[in-house]
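Below: one structure in structure tokens.
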Amino acid sequence: MSPFALLLGPPLLAAVLAAVLVPYRPLVGWTGALLSLSSVGAALVFWSRLLAGDVPTSGPGEFLRADALSTLLALCVSVVGALAAWLGPGMGEDDGYEPAQARRFRIFSSLFTFTMLFAVTANNVGFMWIAIEATTITSAMLIPLHVTKASVEASWKYILIGSIGIALAFGGTVLAYFDFVNMAGRQDAALHWTVLRASAAHLHPEVIKLAFVFILVGYGTKAGLAPMHTWLPDAHSEAPAPLSAMMSGVLLAVALYAVMRWEAVVNATVGTGFTDGLYITLGVLSVAIAAFSLVIQRNYKRMLAYSSIEHTGLICVGLALGPLGTFAAMLHLLNHTLAKSMMFFLAGRVLHRYGTTEIARVSGLLKVMPWTGGLFAAGILAVVGLPPFGLFVSEFALFRAGFSVGRPWLVALILALLAVAFVSMIGHLNRMLYGVPTAGVRTGEDRLWPLIPLGLCATTLVVLGITLPAPLETLLRQIVAIVER
Amino acid sequence: MGYVLEVAQAALALALAPGLAGLIRWLKARLQNRRGAPVWQPYWELAKLFQKEVVVSSNASWLFRAAPFIVFASTTAVTFLVPILAVPLPFDGLGDLLVVVYLLLLSTFFLSLGGLDPGSPFGGMGASREMTVAALAEPTVALAIFALALAAGSTNLGQIVARTMADPGAFLSPGHLLAFGALFIVTLAETGRLPIDNPATHLELTMIHEAMVLEYSGRYLALIEWAAAVKLFIFFALLGNLFIPWGVSVVLTPTTVAVAVASLLVKLVVLAAVVAVLETRIAKLRLFRVPELLSVSFVLALLAVTSSFLLK
Amino acid sequence: MDSLFSQLSVLGSSLVLLFGLILLWRRGISAYVGAFAAQSMVLSAVIAIVGYFGNDHELYWVAGTLFLLKGLVIPRLLRRMERRFAVEREMEPYVNTASSLVVSGLLVLFGYMVTRPLVGLSQLPTRAGMPLAMGLVLVSLFVVISRKKALTQVIGFLMLENGLALLAVLGTYGIPLIVELGVALDVLMGFLVMQIFVYRIHETFESIDVEQLNRLRY
Amino acid sequence: MLGGYGVGAVGALLMPGGRAGRGIAAFGMVWGGAAGLALSLQVLLGGAAFTLEVPTLLSIADGLAFRLDALGAFFLGLVGLLAIPCGVYGFEYVGAYEGRYSLRLLGAMLNMFLLTMSLVPCADNVLTFLLMWEGMSLTSYFLVLTEADEPDTIAAAGWYLAMTHVGLALALAGFLILAANATTTAFGDLRTAAASLTPAMRNTVFLLALAGFGSKAGIVPLHVWLPRAHPAAPSHVSALMSGVMIKLGVYGLLRIGLDLLGGGPAWWGALLIGLGALSAVVGVLYALMENDLKRLLAYSSVENIGLVFIGLGAGFLFLGLDATAAALVAFAAALYHALNHAAFKSLLFLGAGSVLHATRTRDMNRLGGLIRGLPWTAAFFLVGALAIAGLPPLNGFVSEWLLFQSLLPGIESRAPMVAPLMTLAVSVLALTAGLAAAGFVKAFGITFLAIPRSPAAECAHEAPVSMRVGMGILAVACAVFGLAAVVVMPALAAALAGSARLPVPVPGFGSGVSLSMPSGFARMSPTLVALGLILITGAAWLVVRLFASRWPVRVSATWGCGRVVQTPRMEYTSTAFAEPLRRVFAELYRPTQDLSIDFHPESRYFVQSIEYRSEIVPWFERYLYAPLVTRVRRWSIWVRALQSGSAHAYLTYLVIALLGLLTLLIVRPG
């Protein structure tokens, strides 16, 4: 029972179970949730194997491979998948979803987790592309869970822009393969990342750069980098909370993972200058567009979506700031995944209670739901980068990298943009938390147990804010070694 | 020996002060060819006031009763610091010119509070105008002090007088003259003399100093009037001894002390005459023209300071 | 031998590009479906030729699946959808026919400039067709942008896939078989999902005009 | 110290509401404060730097490192000094919040606030410093938000957090430029790295630090949050914020400017003096016009910080001109004024707090005559008012005297620009002293004296015991610091001596009772002046009692100039009191006045009601911040248009990005 089976098996099993049991019963939900824990366990096993120094692989010719980068992503995906499984609809209580919708959610959310896990562990670049295309399809099916004009529109835009973007990424993969074929002739293992990485030095610089442009625009669309980010606010604000948590928390990270895989190859061929330039342009553009879109935002789910664009842009800029920058960017990726998924689950609870995503019509949250409100406030403070939480430390490391690499003006610009985002988000938060509770809203917390896992997320964020555990540090160092070498 | 002289000097100041006020009043009357009350009239007034019954407003608090004592105390404290008769006084190390100015500001502070306490509009009006004038006069006083201090090398009064006595040429230096002019205008403002405030009138809307003490009566009024007179005396003594220090005894012998007293009297009479002539010649300024006068004095002080370090 | 092979491949890819241009020229959706079906068939023919001349027999399988999938199944589904919505003419597109043809010409030219290093590097006889494939990719992108009907956008997306498949075949005699099959499956799945969404748009918006989908702002 | 605040915070969180919870919180503060004070005195006098390294925490940037040297010890002592009275005061004051706001949160946040504030001066590497700094801002943000039901509290808190965050970003940039070529981010390495910085970089670091820490200190262009946040916070919190937190801005500037960069060119000092003078004048002028008691105190904090910055500026100026002895004296005078300001400003805020506690209103036009209802508070407020106006026996006067004397040598110096600058500084110092005196006559007189102007003021009752004790401690502190100048000044000078070429053998500040400038320029003895004042008052009282008449004091109505009844509406209100000064400084205020009189229906000669409304121009808000906010809003509207809703537009962006990058590739193959 190799760890890969332990990682990839459970989501598949959950999907099949949900599909088979036609009259949906909460039993399916609970089994799905329990199974998801085993994939988290598998990710931890990979982590421990990595600490011991060997890179676990399995399948014919190293088909599946879990090095440091994929283990980090696998961990993120499995954790958020577990959260979605535990907090998603169909766990027995009345959470506003009919059994049919719950069944559909169970099937496709498990498939969604499976495709992301597969994308992250596939060594073959082609299969990575296929898996990411599959994530688009499975998640697109879930956006219109409640069929409304808005969710249909959001899902159409998501699927259209997503597929076009992914097709361009396929173009990039083909071009890279073309480059490899011309250099070393056709081989079956040609599309394996390890092979590409090893022979990267001999690839033709012109072609690989062209390929990387296609890949960056393609996977950048999935990662929500500006100017290809336009689908993200619509999709995340219309999707059900667990799905938008998975998408915003992890799907963006998986897309960035794909870009980083290719960045490793291109850096080996052409040196970091080319990729840094692209990263900084797209990153700064994303932070700018997101920051200014936050100023007069009326919908708190869209606010969170724009903040995801901002943080993805920040990670992108981080990747362009040398080894320390990549270290900080990866730490920021982990922190952001935790914070953003927690925030979307809480937003789901607020939406469930208030019935509206309008910031203006949500007030007195602290009085209506003290615990959810408290966690919501903590989450927003974490997302804008205030101290006790991990994002403050990773942003600090990022800025330090920026200065030591000798790009003070870039960091100054980023600081200014972050300040704009900070002021607007704190303003929106205050409007929601305080004041007289909106009329007709029942006060008092119900179903407290979902807050426990979210509270756990918050505490891990605080722990990451205070200290950097040694195993995590070694993992991040290995990632830096992979990408920067 | 020095302490005895110090106490004597303070006693002399307290004694002469009402006389000085009476002298100015008498001189003004003569200039307006009126007979005018005799010079020692204020003494009778003080004696009468001490005997009269004290009426206190029902709205007033304990501060109303304590204010006169603090005003009187802070003014008399200044008489110990100012070089009226002799220069190397033991108390000289106690406080310099800044302490003198701020003690006077303390007395104005409490006088305004006393004016506000009974809650009558006149007290409020007087207090607010008094504080405005005092606040605007502050920068002039500070710069005038610094002009003198630069010339003398220290802000301590004893040293300033000693240094100006040492080289007579200093008296005619532009810094000194400009500082004298600035301080003279401030004296008129602080003691409520004519161009800023008319001491003789009781017309509610025009008076500043009188409006604050409207509510006081009996022995409290006596104390405040006495303190006001002493304040006038101090300013004249400052003007006299700082700028024309001759006659202030340096070595303490009975003869030099007598000479000091004589020269002090002469200076006071001359200054009183100047003020009396000035008060008969010019009319009272409108309250909101007073800041212009004070800014003139500020410019004078500024020129004094600039000239003192340009020439150095 | 090679010259025949390269001429045939260039002829095939230029035919594929020409079918792509029909989308810009004609107005009716049925014409689009027909053009797409024809394009897929020519593409599978090109793959077969490459398989024959490059004596790589796996390509026959690829050509077969592509012909079956994109030549027959998808056009039939498209026609069923078209009958269902009974919408004959593509409304006034954002860019009128004349200028869109000019733009597509420019895009093909741009495709040539972009693929210049590719053609220079490759020694395969079929390298001459690659710029045409890149041109098709860019033209189909332009179709998706300029046409208003959701159905047309789906067809544009499918043409984009065709362009990329052509590029892959011409440049590298086809990517490994497993990956190729995976890609084909993904494209089919993608199309099915899009089909579901088009039906749903039709239900909720009573028309498949993407222009009405602009409620989500800011 | 950590134990103290820790117990307070945890206790407040766990303990249920009611007296016990408040008790634990107050106890934690007092214990923490005392421990902090003890630690700082031990370091300040003992001279041994106290270090604590925790490498595991924050291991991403060289671990959590604390090192308390003399400069840090002074500010730690400041926190400890104020924690004790505010803790005692807070015990009762918070009682009023019993039902409305969560006491547990308030207690815990207050203790955390004090903990982070005490740790800021001890931090020894960049990340620890920033962590504590932002922690301090965050906890104080929550404290400002305790009274969230008040209408403008949320806006005030929003302004506050935004300004502090911008300040942090600037300071962060300054630190990181320093840390760019240093191996680790510890302050020791920064010191060595700073030496190798180019002068241009040193100037940018200084300017960034000035902007960053200036916004926390409340220097004029960045002061707008202060008059909003302080009144919104509970009084003992605003006492702590005004007393200590803004001083940490001064600490930050000293740490970077003096310690890490080791002084710089003379224009640094000139800039500081200019800003300080501007803050002092603007602060006092706006304080004069305020009718809200706590806003008046907040603006006067801006003024006093301006005075402190004038002292700092003089220090940096002399350092630039290598007159190190004069520089040390100027720095010591500035720190001493900061210490005194902490004492009397927090006393005044606590006084305002007990007025608010008694009458539930801060508007001076509705107060009055409180001296009867709150005799103790009135007495303490009077002491505070005397101290802040800089009047003789108390500490305000002594520190202003020292500031005057420290500016004096500047006037004589030969350097071209120094003399006029010093003259400007002296005249600003004097003007603000005078205006402050006028302002606090108004504050004290209108609030406490005369006839109560509203029923709430009429039946006001005295503050509970613990509030009075809190104020009492601070009043005593004001008196003691006034008299103990001779002891305190050398300790302050020793705190600064080590860094940046300041002379190590600390000059004497006079002996025994009399305080004298080290340059022997002037001597003054605060103790003897106070003694003299008391003696003479006693003597005068004795003389009057002996010789004056035996008549008992008769109490009757105030003289009404013919008027029969004396109503509170006839009194001078605070706007009326400040009206002459508004007219004098009309250029700055540009007051708008509109008077609406509606006459009695029957005849034009009788008036039913008169409404007088006058506003003054809030310069900085209107001409600096408003355009900034509108420009950001305009850009955001422009960016928002990008998300226009049409799928075609979105796809066009994608294609444009692709084509753009491809053309980039073609055009510039390199």
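Going in written order, the chains are labelled A, B, C and D, and every chain counts its residues from 1.
Definition applied: a contact is a pair of C-beta atoms (placed from the backbone, for glycine too) under 8 Å apart; a residue touches a chain by one contact, two chains touch by 3 or more.
The shown structure was predicted, so the numbers you read here are calculated from the model rather than taken from an experiment.
Trainee: Treat each pair of touching chains as one step and give the shortest count from chain C to chain D.
Mentor: 1
Trainee: Once you count every C-beta pair in contact for both, which comes out on top, B-D or A-D?
Mentor: When A-D is set beside B-D, the one with more contacts is B-D.
Trainee: Could you work out how far the Cα centre of chain B sits from that of chain D, in whole Å?
Mentor: A distance of 36 Å separates the two centres.
Trainee: Chain A to chain D: how many Å between their CA centres?
Mentor: 44
Trainee: What whole-number Å value describes the gap between the mean CA coordinates of chain B and chain C?
Mentor: Taking the average C-alpha coordinate of chain B and of chain C, the gap between them is 101 Å.
Trainee: Between chain A and chain B, what is the separation of their C-alpha centroids in Å?
Mentor: 79
Trainee: For chain A, give me the residues that contact two or more of the other chains.
Mentor: 156-157, 160, 164, 206, 210, 233, 293, 296
Trainee: Provide the list of chain D residues touching at least two other chains, using ranges where the numbers run on.
Mentor: In chain D, residues 640, 643, 647, 651, 658, 662, 665 touch at least two other chains, as defined above.
Trainee: I need the residues of chain B touching at least two other chains; which ones are they?
Mentor: Residues: none.
Trainee: Would you please name all pairs of chains that touch?
Mentor: A-C, A-D, B-D, C-D
Trainee: Name, in rising order, each residue of chain D that touches chain B in their complex.
Mentor: Against chain B, chain D makes touches at 368-369, 371-372, 378, 382, 386, 389-392, 397, 401, 404-405, 408, 411-412, 419-420, 423, 426-431, 433-435, 437-438, 441-442, 444-446, 448-451, 514, 520-525, 528-529, 532-533, 536-537, 540-541, 544, 547-549, 551, 553-561, 566, 568, 570-572, 576-581, 583-584.
Trainee: Using the touch definition from the top, list the residues of chain C that touch chain D in their complex.
Mentor: Going through chain C, the ones touching chain D are 94, 110, 113-114, 141-142, 144-146, 148, 210-211, 213-218.
Trainee: Applying the document's contact rule, which stretches of chain D touch chain A when the two form their complex?
Mentor: 56-61, 127, 130-131, 134-135, 138, 145, 148-149, 154, 157-158, 161-162, 165-166, 169, 172-173, 176-177, 179-181, 185, 632-633, 635-640, 642-643, 647, 649-651, 653-654, 656-658, 661-662, 665, 669
Trainee: Where on chain A does chain D make contact in their complex?
Mentor: Residues of chain A touching chain D: 156-157, 160-161, 164-165, 168, 206, 209-210, 213-214, 216-217, 221, 227-228, 230-231, 233, 278, 288-289, 292-296, 331, 381, 386-388, 392-394, 396-397, 399-400, 402-404, 406, 408, 411-412, 415-416, 418-420, 422-423, 426-427, 430-431, 433-435, 466-468, 473.
Trainee: If we count contacts the way the header does, which residues on chain C are in touch with chain A in the complex?
Mentor: It is residues 114, 117-118, 121-123, 137, 141, 144, 150, 153, 157, 160-161, 164, 167-168, 171-173, 175-176, 178-179, 182-183, 185-186, 189-190, 193-194, 196-197, 200-201, 204-205, 210, 213-216, 218 of chain C that touch chain A.
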